[in-house]
Amino acid sequence: MPAQDERELRIVGFLCNWCSYGGADTAGVARFTQPTDLRIIRVPCSGRIDPLFVVRALLNGADGVLVSGCHPRDCHYAEGNFYARRRLEMLKRFLPITGIDERRFEYTWVSASEGQRWQHVVTEFTRRIHELGPAQSFNPATQEEWFNLALNEASKGEACACHGS
Amino acid sequence: MRIGVFICHCGSNIAGTVDCESVAELASGFPEVVYSTDSMYTCSEPGQEGIITAIHEQKLDGVVVASCTPRMHEPTFRRAVERAGLNRYMFEMANIREHVSWIGKDKEHNTNKAADLVLMAVEKLRRNRPLVPKSFETIKRVLVIGGGVAGIQAALDCADGGLDVVMVERDQSIGGKMAKLDKTFPTIDCSSCVLGPKMVDIAQHEKITLHTCAEIEAVSGYVGNFSVTIRRRATYVDWTKCTGCGVCTEKCPSKRSPDVFNEFMGTTTAINIPFPQAIPKKAAINPATCTMIQKGKCGVCAKVCPVGCIDYEQQDELINVDVGAIVVATGYDLFDWHKYPQYGEGRYPDVITSLQYERLLSASGPTGGHIKRPSDGKEPKNVVFIQCVGSRDRSVDRPYCSGFCCMYTAKQAILTKDHIPDSQSYVFYMDIRAPGKGYDEFTRRAMEEYGAQYVRGRVAMIYPHGEQLMVRGADTLAGTQVEVPADLVVLATGVEAAQGAVKLGETLRVVPDQYGFFVESHPKLKPVETNTAGVYLAGACQGPKDIPTSVGQGSAAAAKALGLLSKERLESDPAVSKVNLSRCVGCQKCIGTCPFGAIKAITDRQGKLKAEVIETVCQGCGICTVTCPQGAIQLEHFTDNQILAEVNALCPPKMNASFE
Amino acid sequence: MERFITEANLQQFAATLAGKKHVLAPVASGGTTCFRRLVPGMRLDFSRMAVISPKDATFPRNETLLLVQRYVEESGKKLELKEQLPEGECIVIGSRPCGARGKLIFDPVYETEAIKDPYYLRRRDNTLFITLSCDRPESTCFCHSVGSNPADGTGSDVLLTAVEGGFFARAITPKGEELLADALFEEAGTRAEEAAAKQTKARELMGQAHDFSSAAAKLLERFDDMGFWQAQSNKCISCGACTYMCPTCYCFNITDDEAGLVSRRLRSWDNCMSHTFTLEGSGHNPRGTKAHRLKNRVGHKFSYYPDLHASQIACCGCGRCIKQCPAGVDIRQVVMAAQEYVDER
Amino acid sequence: MSANPYLPDMATVVEVIEETPNIKSFRLVLNDDDKMKTFTFQPGQVGQLSVFGAGESTFVINSSPTRMDYLQFSVMRVGEVTTRLHQLKPGDQIGVRAPLGKPFPVENMKGKNVLFIGGGIGMAPLRTLFTYMLDNRSDFKDITLLYGARTPVDLTYQEELPEWLGREDINTVLCVDNEYPGWEHKVGLIPNILLEMNPSPENTVAITCGPPIMIKFTLQALKKLGFEDEQIITTLEKRMKCGVGICGRCNIGTKYVCQDGPVFTYAQLKQLPSEL
Amino acid sequence: MSQLEELKAAIRGHLDSLDCVIGWEQGYDPLHATPLFIRNESDLERLSISPLAVHNPATYATGFAGKKIGMVVRGCHSRSIIELLNEKLIERENVVLFGLCCDGVVSQRKIRTALPADPGFVEAVEIGDDALHITLAGEKTTIKLQDVLADKCRICAYPDPLLADVLIGNKHDSRPEETLACQEAFEAKPNAEKFTFWQDTMSRCIRCYACRNVCPMCVCQDYCIAASRDPLWMSQENSPAENFMFQMIHVSHLTGRCTECGECERACPVDIPLMLLRRYMNKQVQEVFGHQAGTSLDKTPPLLTFQVEEARIKERDW
């Protein structure tokens, strides 16, 4: 069941093995129904999640990327989510300059016991992505799109006094 | 590569909402998949045999099982593929039960999702490589830090189990807080009678080496092979000679030393044996108050000592010892109640802590077991106990319950009545927490048999009222203000992490929580383990605990250490980080971010700096892999390429090179 | 055939062509002028020499050599190779003589007795160059020193020269003549002389040509003198700006990409200034430092290639590598330093 | 080869031989029967093997043109392509572009003594020529093989060693760097063993291949023994992409290893600028 | 004594003890400068410190590992050096810094756009107090320095070297905070416009990696993940998405380390406004961590450390 419409969108999840992946398991064991769009990649720790994985997914055409780790202080490896928090926060703050809607990326903390919270996170995030709709491909997909892009005023950067002319 | 895919129905658990046959059929078209099938219960004996047969018949070199969560059966299937001759890391699992069939209702969507998860697993598996654990010998010796009841229990259990034990205690004697107690709840038996024999056992056990007045200076190494440096403070007494006769303490003219053992209720001599049952029963000089050490005049103790063991020139000593496991049992300290303005901040001598009250109750205490209040030495008639001083109070950043104050307050109320039959105890409390065996009955006895008056409410202030103190508080059950005149006020001060715990945690790479208590590996399933392999927790250093729980944990930690060191050799998990030396530029950023100190700098044959992972210390978190901009250090089994393969499987890159 | 076309009509001509064919032309965008695929509605920018050369027309920055499809059959898995030969015609409008001529350097390498590169040959044979002669040579221009001049039509099909009100156009090949048959071109009248005068003036502005003929031998002499190459490459930052801008640099990389059951063999421009260019699997690199790599780049253009191919210097003198170098490495200076080198020992 | 020099021929792996812990030999047969029947090459020529999705890499064809049941390539696992190659099993599909490059000058060796000196994986190119000579034994005079590796398990072509050692008409010497239990052959570094063997340079061609450090000292040893530069032949290895002299990375000055090599005489090498 | 002479004298005093001193000289024409590696007196004579001398000598610093070198540094260059020192990529005792109090340098792109067409042959350039007088084929053109000042200089907060062994010139009084209108205007655009802008702009990128190789903080040297197969982060496909992926890698690796010297944007042969990305990221770093790379010694880049309680990272609630 995708969140709103029939069409599934592509949402990638990166979950740490010890907390959030367990939280998703807990949600499953409790049969907490969730939208089906999300596919989860298991990593040992949120500290293993390179923000560039998120960028790679978005540039490959993911409609949304969700990262979840242990709550701060609860990291299995003591410090992983502290590093992750800094890295991911900077990515989230950076996205607006690229024109990629930063709402397509979110990071949060879910513990292994928080099945209900996981259900809530997945449902809300999937709803948000469906509201945003399918992401635009960074590479123009057709020649026509390419032509339109080449003629687009914004692409010439004319609104930017320093960089366009 | 030749990959086999096995889709599990899990009865109807998966097959109910996932078309397992279709997933298996789709998977047969995935890259390098040569065999794909579905089965009813893949984890069952026939299911596992099916995998093994397929590995042999199809010459598989990698296996994907799509079933339940890998957190459940990954070890099971790894063993199965290992039985068939594959490396255990040539196996991947797709979780199509907890993450698919149990949470989605639409069979078509579920089936697609299951197929995607299988594809991800296949793409990752294609980049897996066999990993082989390294094995190494262990040192059959345990370090126990802290000589309280938890540490004592752990040390005795380890030693009885055949391990050498090194115990390190910061104070002059072992015994910890329990040694200061008069009686223990709920049995009212004598604390030192229970503890004393165990302390003696420590001193006499041939496998136990005891260092008191000592602290941990540094720890390096890894599970099975720690290297520990212990700093033993100078005691100015040669303990190899000291017989503990006590002549020096009788003759010492400097009597200004704070009496630590008696919770600062009075003073003691500069050279001192803290209490008669002390282990080791040796004298030590407090250099801050010793006239000889401070001013170079006196030397009485040296003159009177029959064995000539006084050494004013003694220096701190560093002791190195190698151990295979470490038990941390550093206990707790009492909350500093002076932070509360309502209790007078120390202006009223007759406001004391519960532990001070224990010393007043104790026959070996400063008053010889007679309850005399500090201000004038009179016997108090009205004793007011105030609970939750520094517990369950956000205003002083102590939101947690200290757990055992309810019980000892009830005990002290009972003992007060025993000592002074015409006395009256009042107890201000928030809730009564008495969940242990016989605990609730015990508090009820305090109220019902011993007439302690329990008032549910907080105390707003204490002020002097003639020779007495007036305690003003709320009675929230009656909904009124109450004022109780008190001859003595006893504060049930809460528990906080032992001083220096955070620093010790850094040395041991054990994380303290925000209040300084050490964090266990798992709150339910690994309560005495830490995230540093080979370091275990016992007692109140992990959080407030009463005596039986601490003792239980001491035994539990000992069992863990014994279990660990019962193996001749240990194997390290091979899914650890690995440096590609040709890509490493030696910037050392990874060394800085590793939480375990598992990476060190080395110089290669060309004299260039490189990073090197100490495989046995690395825990496999992957922080370093993200830190390294060149991708030169890769966490095995979760390499960039493996994770990227999963990303690319989910979001395939488009193959349209040229647009213009 | 000689014709004339007004600037407006040339824009029109280009736009019409772009509607039908793949047209590459200099277009200003984001403050820079580059060759891009012309989309009707874009304007050509003749005021500046395009930063990137028109090399893309005959040697695109990326091209798929092969696609490989795996699929499942009853009998098992199969692989199918699909050759991806380029289709269609391309017209380059507004290249400069150096850029049009640069591609000729490819020919002796990409087409030999034994080996014929079908991708390149197809593109070369299906690409027309309408070239604009230069009237304002720059400090970085040295086409005259490598056997060319600002109005060299070699490698072009049509040569344009800016004259009053528009462009004088001369067909160089029969295909060029076909292009000039378009109704937007007018009678040339007496503009041939005006054009000739402009061309002469441009050549004069360039001054004395430098004689590179001794370079081949002199560079080889310096081969083992790493001190010389270290000094020359001090400021080089090992990037690929020079090679990618260069109309004559023809080296490439071949890499495979994979997405599930499809894989692709991609040819892409490669850069001899990069460490990875010659890095071997063992970790050994015969050109491990930027000094080694600059030596090979300069040596290749001014020594090895001329030695193999009739003394032709593998450089068209466009000066892009000098102008666009972030560190200001000047290939002329490097070659001259080798030529003028006096062994003091 | 096809008209498109970049288009590999499809081939099937018919046999995989585990030579050492990190070297495997692959025997391939072209899928197109006619191509396989008409396929010709000479000892020393190389081929590009494709694992689609990973890429291509160059390996010498180390089977002999006199034995055309299959084409054999020996692959040491070092990087991406070789790792993927090592995962191949009989029946798997692979792309082949071959033959590429120049062969050994076999004609010049006829009627001469031939001395092979191979180290480790460097035995691969020698094996082709060696097998070829065994199959045309009468064309050559004395044939000597000195083959060494770091340890006994690092010796490739274990299957064939007994035959080589057993033949009366050739002189085979094996060596490893250090003593190993059960090792009955020579112990020592190849250049030292070579000096010990003291072969005569008279009417002899020496062919050597191996790791760079071994080549360096073997050349010194050969010079010491009196070999002229023209009598010494070796093969070079470079990073290659196109294999047909275009892509521009394997050149040493004007020479392209993929086209003009990989076989060079020491005399030719000395003419080249020093960039190995 | 002029600043140039003062500087030359200072360098002369150190020349014997240093492998070289990195400065600038005239490049292929009078309008362009190029880095100069001074090893002797005759090299020193060619030293130029005009506003045309733009290159960041810190780019070369790590290439001289183990050797002792000197560098002529402007304010922004000194930040790069400080950051390199903080990351222990170079050693303080191995660098001698000749600091120049800097009034700003030119943007060649702006000069180019200020001229109606390619300038042709540049005969001479005379640098006045506030203008460049350029002689092109006999004709003289004047461009106001203010109009062609590099963007980074217009908003420069650190015109004076923050670290120098020798300081030449007069220190600046505090400069008024100036913001870059174009940066703000771009940031304020709707996502769709920014997205389209990068799509098209990235189609120009030829992946020459000049931006990377000129960056003083790009210390992966020859082992950048953009060209490796293990790890394989990117295809060699020259498409907007892959090109942008590289810029994301660069930005990501520079988080909290970028010293805003502007070299990436200057080096880009196709004028991709990379500083839009850099400045934006730096602003985020400043806001969240209060960190400006290279402005003080002994600071750890913020992504290489953490705080248990992050004062300025707000948990987003669900």
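Residue numbering begins at 1 within each chain, and the chains themselves are lettered A, B, C, D and E in the order written.
In the analysis below, a contact is a pair of C-beta atoms (placed from the backbone, for glycine too) under 8 Å apart; a residue touches a chain by one contact, two chains touch by 3 or more.
This structure is a prediction, so every number in the text was calculated from the model and none was measured.
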For chain C and chain D, chains touching each: B, E
Chain occupying the most central position, where position means C-alpha average: A
Relative to chain A, chain with the most remote C-alpha centre: D
Between chain C and chain E, centroid-to-centroid distance (C-alpha), Å: 29
Geometric centre distance via CA averages, chain E-chain D, whole Å: 50
Distance from chain C to chain A - Cα centre to Cα centre, in angstrom: 42
Centre-of-Cα separation between chain C and chain B, whole angstrom: 69
For chain D, residues contacting two or more additional chains: 55, 79
Two or more partner chains touched - positions in chain E: 113, 200-201, 203, 221, 223, 228-230, 233, 235, 237-239, 241, 271, 273, 308
Junction residues of chain A - those touching two or more other chains: 50, 56, 60, 73, 79, 83, 87, 137, 139-140, 150, 155-157, 163, 165
Which chain pairs touch, all of them: A-B, A-C, A-E, B-C, B-D, B-E, C-D, C-E, D-E
Residue ranges of chain E in contact with chain B within the complex: 87-89, 203, 219-221, 223-225, 228, 230-233, 235, 237-239, 241, 253, 300, 304-305, 308
Chain D contact footprint on chain E (complex, rising order): 229-230
Chain D contact footprint on chain B (complex, rising order): 1-2, 59, 61, 129
Footprint of chain E on chain B - complex, ascending: 514, 580, 583, 585, 587-589, 592-593, 627, 629-632, 634, 639-641, 644, 653-654, 656-657, 659-660
In the complex with chain C, residue positions of chain E that touch it: 20, 27-29, 31-35, 37, 55, 59-60, 109, 112-113, 116-122, 137, 200-201, 203-204, 206-210, 212-214, 221-223, 227-229, 235-239, 263, 266-267, 269-273
